[in-house]
Amino acid sequence: MIWQFDFLILALGVICALASISLKDLLSAAIVFGAYSFLMCLLWTEMGAVDVAFTEAAVGAGVSTVFFLAAVFHTSRIVQPRRRGRMLHKLVGLAAATGIGILLISATADFPNWANPNSPASTHLSPFYITETIPLTGVPNIVTSVLADFRGFDTMFETAVIFVAGLAVVSILGRYGRRLRDYEPSPVGEDVAHQSPIIQAACRIFVPFMQLFALYVVAHGHHSPGGGFQGGVILGASFILVAISYDLRVMQRRLQERRAMLFSSLGVLIYSGIGALCLLMGANFLDYSILHTILPATSPIMARSHGMLGVEVGVALTVMSIMVIIYVNVASYGKSDRGL
Amino acid sequence: METVVSIKPLLASLVSLVAVIPIVMSGKRPNLREGWTFLAGVIKFGLIISMLPVILAGGTIQYNLWQVMPGLAIAFKVDGMGMLFAIVASTLWLATSAYSIGYMRSQNEHSQTRYFSFFAVALSATIGVAFAANLFTLYLFYEMLSLATYPLVTHHQDGEARASGRKYLTYILGTSIGLVLPAMLMVFHLTGTLDFSGAGILAGTTSKTVIICLLLMFVFGFAKAGIMPLQGWLPAAMVAPTPVSALLHAVAVVKVGVFSIFRVLTFIFGVELLRTLDLGGVLCVIASITILVASLIALSQDGLKRRLAFSTIGQLSYIVLGVALLSPSGLTGGLLHIAMHAFGKITLFFCAGAIFVATGKKNISEMVGIGKRMPVTMIAFLIGSMSVIGIPPTGGFISKWHLLLGTLEANRIPMLVVLLSSSLLNAAYFLPVFYRAFFCTDEESMFEAKVVEAPIWCVAPLVMTAAISVGLFFYPQPFLDLARMAVRSMGG
Amino acid sequence: MISPEQYPVLIVVIPLLSAFLISILGGMDKRFCYPATLLALGGSLAAAVATLCLVADHGIIHYRMGGWAPPFGIEYVVDYLNALVLVVVVFVAFMAAIASKVSVEEELPHKIPQFYTLFVLLTTGLLGMTITGDAFNLYVLMEIAALTNYALIAMGRKRALMASFNYVVIGTMGACFYLLGVGHLYIMTGSLNMADILNILPHLYGTNAILVAAILMLMGAWIKMAFFPMHGWLPNAYTYAPSATSSLVAPLMTKVSVYIMIRVMFSVLGAVYVFKVLPVKELIVWLATAAIIAGSLFALAQKDFKKMLTYLIVAEVGYMVGGVWLATAQGITGAILHIVNDAVMTLCLFLFAAIVVHKTKGHQLSNLQGLFKKMPITMAAFAVGALSMIGVPPTAGFFSKWYLILGGIDAGQWQFVVALLFSSLVNAVLFFRIFEIAYYEPESAQHGHGESVAIDEAPLSMLLPLVVVAITIILLGLYSGEIVTTFIQHAVPAGI
Amino acid sequence: MEILLAKYNYWIYVALMMIGIYGMIAKTNLMKKIIGMSIFQTAIIVFYVSIGAKKGATIPIIEHGHGAAHAAVRVADYVNPLPHVLMLTAIVVGVGTLGVALAIAMSIYKEYGSLEEDEILERLE
């Protein structure tokens, strides 16, 4: 940890944040915001939070920016100046920000020094996770074991949050009452041709590798940074890439929105279903160790590891489909026909 | 003093509430519907009378329906005071039911089913107040009565009814929520209980200032008693059909108001406490102002029902004055006046309604010579007026006599003067009505000299109540006994 | 097969699993949605009632998620307070779900599967918030409830969209404040488990960081519950939401947030800290007083029936917050009792509003004309709810107000007592104005003047829950002593 | 300098948070509000991740997980993983909120043809 480096990133981050708030052009603001996310992700890697950084890179700097761009594309790009009550509005905002700022700063005096190994946060709960992850769950990536097992219940709802977000976007933006046949993408026509062939070719090469990598991230999350969320976002991003470089319809031939909705429900269902299975078998909810009785040739500890893999797959499925769903709806204004 | 546990007080209150169901069910068949009303009335009366021997023997009847929370129960207790009020109310319900049938049918009123239903609910609430064993139960039924009477007051559903209904609720609910409720909570806070006790429960719990505040909150909070300046709703509520005015605004609602004040002053504060803190004077002043001012206003009213309404306001304060005197005779007189005034005043209202039914006249100035057209009604009117004024041989004399004795016992000569001058004013606003009805030349008379009375359903009840008014002069015993028993239980 | 120890988790898991099944099945045939929703919430209700009985018999229940011991794993704690709130939440959701059938088909014909999935997930979120013993888990569930809520409100289209957007911004701010507060507690104590934090905290009471944590968490809860003056988002959001949404959200969101505030105060920060160390007791009671008075006055100014109800919610929030911060046993009892009562009362009023919208296609006060004659049963049930809001015995509203006022007297906070009485009076004015409007015929029909108006009751699926709720209001009132002695008195922290 | 080094992370998160709050309250453009909201959320993530940092420690993945002797795992070697887990959730919640907010903003644009709060409010009248 090099504080100069740290400081530089933070300073740049503040500048980017300020810029994205004050730029009049929303497109630029969105892109600067993407840069801001990327800086944050650097910062977190630098602090050792690789999983967070990975997720932020995929979610914050990646798909979020795409969502922003798609939304700006469909609405207005230039921020209109406010007509009246401008100063007052600014003053209120400034006052609130300053008030909360002072409040928060006043609390920092009591905080233990940054990165102090003897701070309560580093001595109270975390030693247990660090020392016990291997003996209790057999998973070396502590973030994964905490995420999917020790605090697996949180993560289940986190997946549910994603599911809700997708469903919400569909129900707010979606054109309603479509049946399956309405989704049938029309054959790829000449409207696809106007896209650059270079981009299309590049995409054609990229996408398989992306998806393979995504599967690796999901499967190898026990041993390296990554897991269901990151893998799911990358999978989703591969579809979004197809949609951007070709056309929404081309993408929908691979993954229909309706089927994506089904997958997303299925994903969370896998997660909570595994939990419920443990319940039915007589253990507590999400207590995977009981699963060793039905999984072939495993001990309770390995059953935990496998259980985690199961839920990660569920997470990945949901996250992937929801990313696609949100993109499809935002990019096509809910019509899921043409896209950007 | 023996205490009997019996479900009878609950049944007595509930019977008319239960009767609402068959009344609504048989809404399409008026005769059956009114049959239910009568049946309920008779059962109620029977239940109440069946409890009388126990009470007269000096016992009480108790029934705890439901303990809502510690110290807060829905409970019934029948004692002399409640019994007295319940007998009056249930007797008059029978009379009024009969009268209602005549009045409502002859006027061809709409929504009669609704009318009879809420009438029954109102009666349940009245009996509930009479038999309440604690302030909470009393408050519950008091509010129930406020709500049940709203559709009755606004029965006509026109603009005038709307305005009056609004005024009615503003006064009644405003005071009960704004004054009685906090006062009740304060009492609970100070004593931890709301049970009525003959000796009062507030003694020795708080300072005199707080007691005075509570006293004023209760006295003005029970705005149904029409103590000035909170009397405004009463004349306004006269837009209701006459039977409603008769039962509710001469008997049930207003009497529930004074009954509640009476109950709270004697069973929450306690006569002894009021005496030691010397609060009788305050009450006397409040009561006598209302008595005199209301009588004076009544003089200037031309509408018969409005004149009766102001008369009622004045008479109600007699009862409050009875408590204020804090002497045994005064208390007895106050309680007796609940009964005596009820019979007298309801007769007067019935007469006003009968006149309206028979001739369509509402104003006194239009009633010159009406005695020749409706002699029975007007004779009854005379008897009613005499009772209200307090002239023998009517029941009103008995109660006024005790009140006058009470002023002497309490050595409050100004109050004696107030009572006597009020009686004169009463005479001044009632007797001319009678006088003009009979004693006029044929030219002055506004009616043909042919006897045309109102329908029999209207006339019979008013004859009955007038007869009872006279009867009570000669045989006031049951009421007198009950009142004396109640006063004894207050340690007066 | 499933032992009683598992009941607490079933309350949450049944609706959670069902939500996804509803989404899948609803995608095939939308007729599945309604019965599946009822089944899910019915199951959850059964589990909640069973849990309530367990708590009443055996005391507090702890449940370890994934078998991990707290504070390392996430723990469910069902104590006397949230056992009660859980039942109320599921009950309200169940009733709202039954009543939703007609209005959903009418107002959201093309979004039925989405609606019911979100509906059940929102209930799950609220239940999860209520039952959890982990400060961070609470945040996640808060977000579930919030996101579903935004979507359900935005389904109302038109004005609901802007209201929903404001709600997104403000609601996110509230949730983030809460999260920041948890962060402050975490950095100081190193723990996320509520009971653990409560244990560690006393020796940190003097620090600024804990103070800030308390402020942030309370602010978060207040924003979520629309505590005056942070109430700006609520009225429009609830008014323009679809009927079926508002009858779920309006009774529950604010009440669960009040519960969260109580949770944070007593189970995380500790009663000693919030009442003895923080010097803000009086200030907050004053704010609550202002909330009650402002909410009542705003309600008086409304011509829109639903909007009027929403301002009443703002006032009611003042009741509960004020009651808790009176810091007397009576006041806290009253506040908790009022959570229960107010949820049911508000449900009654909003179910009625849904019926009005269904029958008259609007929710202005003028839409209510002549309803007494047209829908006597509906109006009778509404009257019970209204009387409860006013606080007429023996309805539930009277008894919670009773405790609140006694608490105010105990604490000597007379301004709060006066505000409660004032609000009762205003409620009386408001609801009697409605009774008056509904009692008189519309101008045009006035000449008819007979029993000619045909009875035109609401459909059974809307009427039945309304009547059940009205009966519940009276039962709650009659049993309030029972509720207080069995549950609430154990939930009041000792020694205040 | 000492204090600066010890606490600067926390100060900067406060700065980011202030920018976010300012954007949410003072900006009238809906997209800007959304950006403000996202900045606000990332500021919290910075705060949490800073809590988890530990001097001289590495990323929270046990080296040679399988086969290595358990006693060899030293707590001081690995940063605190708990805040990371929490923040994964927060990021996901953030993107969820973002999606919903964008969807609502787009619907508003469709309905009122503007993203400016004051114009929309005018059109609502």
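The chains carry the letters A, B, C and D, assigned in the order they are written, with residues numbered from 1 in each.
Please note the rule applied: a contact is a pair of C-beta atoms (placed from the backbone, for glycine too) under 8 Å apart; a residue touches a chain by one contact, two chains touch by 3 or more.
It should be emphasised that the depicted structure is a prediction, and the values quoted were computed from it without experimental measurement.
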Checklist outcome for this item: Under the touch definition above, the chains in contact with both subunit A and subunit B are C
Item to check | Inter-chain pair with the most contacting C-beta pairs | outcome: A-D
Checklist entry - Between subunit A and subunit D, what is the gap in Å from one C-alpha centre to the other? => result 12
Checklist entry - In whole angstrom, how far does the Cα centroid of subunit B sit from the Cα centroid of subunit D? => result 71
Checklist entry - Hey, how far is the Cα centre of subunit B from the one of subunit C, in Å? => result 44
Item to check | Computed distance of Cα centres, subunit D from subunit C, in Å | outcome: 29
Next on the checklist: Two-or-more-chain contact residues of subunit C, please, as numbers and ranges.
Outcome noted: 136, 140, 143, 147, 150-151, 154, 180, 186-187, 192
Item to check | Two or more partner chains touched - positions in subunit B | outcome: none
Next on the checklist: Among all residues of subunit A, which ones touch two or more of the remaining chains?
Outcome noted: 104, 108, 111, 119, 121-122, 125-126, 129, 151, 154, 158, 161, 164-165, 168, 172
Item to check | Chain pairs that touch, as defined at the top of this document | outcome: A-C, A-D, B-C, C-D
Next on the checklist: Looking at the complex, which residues from subunit D come into contact with subunit A?
Outcome noted: 5-12, 14-29, 31-32, 35-36, 38-39, 42, 45-46, 49-63, 65-66, 68, 70, 73, 75-76, 78-89, 91-100, 102-107, 109-110, 114-116, 118-119
Checklist entry - Can you list the residues on subunit C that touch subunit B in the complex? => result 387, 390-394, 399, 402, 405-406, 409-410, 417, 421, 424-425, 428-429, 432, 435-436, 439-441, 449-451, 477-478, 480-481, 484-485
Checklist entry - For the complex, which residues does subunit D have touching subunit C? => result 21, 24, 30, 33, 37, 40-41, 44, 47-48, 51, 82-83, 86, 89-90, 93, 96-97, 100-101, 103-105, 107-108, 111, 120-121, 124
Checklist entry - Considering the complex alone, what residue numbers of subunit A touch subunit D? => result 1, 3, 6-7, 10-11, 13-14, 17-18, 20-21, 26, 29-30, 33, 36-37, 40, 43-44, 47-52, 55-56, 59-60, 63-64, 67-68, 71-72, 74-76, 79-80, 82-85, 89-90, 92-94, 96-98, 100-101, 104-105, 108, 111, 113-117, 119, 121-122, 125-127, 129-131, 133-135, 138-143, 146-147, 151, 154-155, 158, 161-162, 164-166, 168-169, 172-173, 223-225, 229, 319, 326, 329-330, 333
Checklist entry - subunit D touches which residues of subunit C in the complex? => result 136, 140, 143, 147, 150-151, 154, 157-159, 161-162, 164-165, 168-169, 172-173, 176, 179-180, 183, 186-187, 192
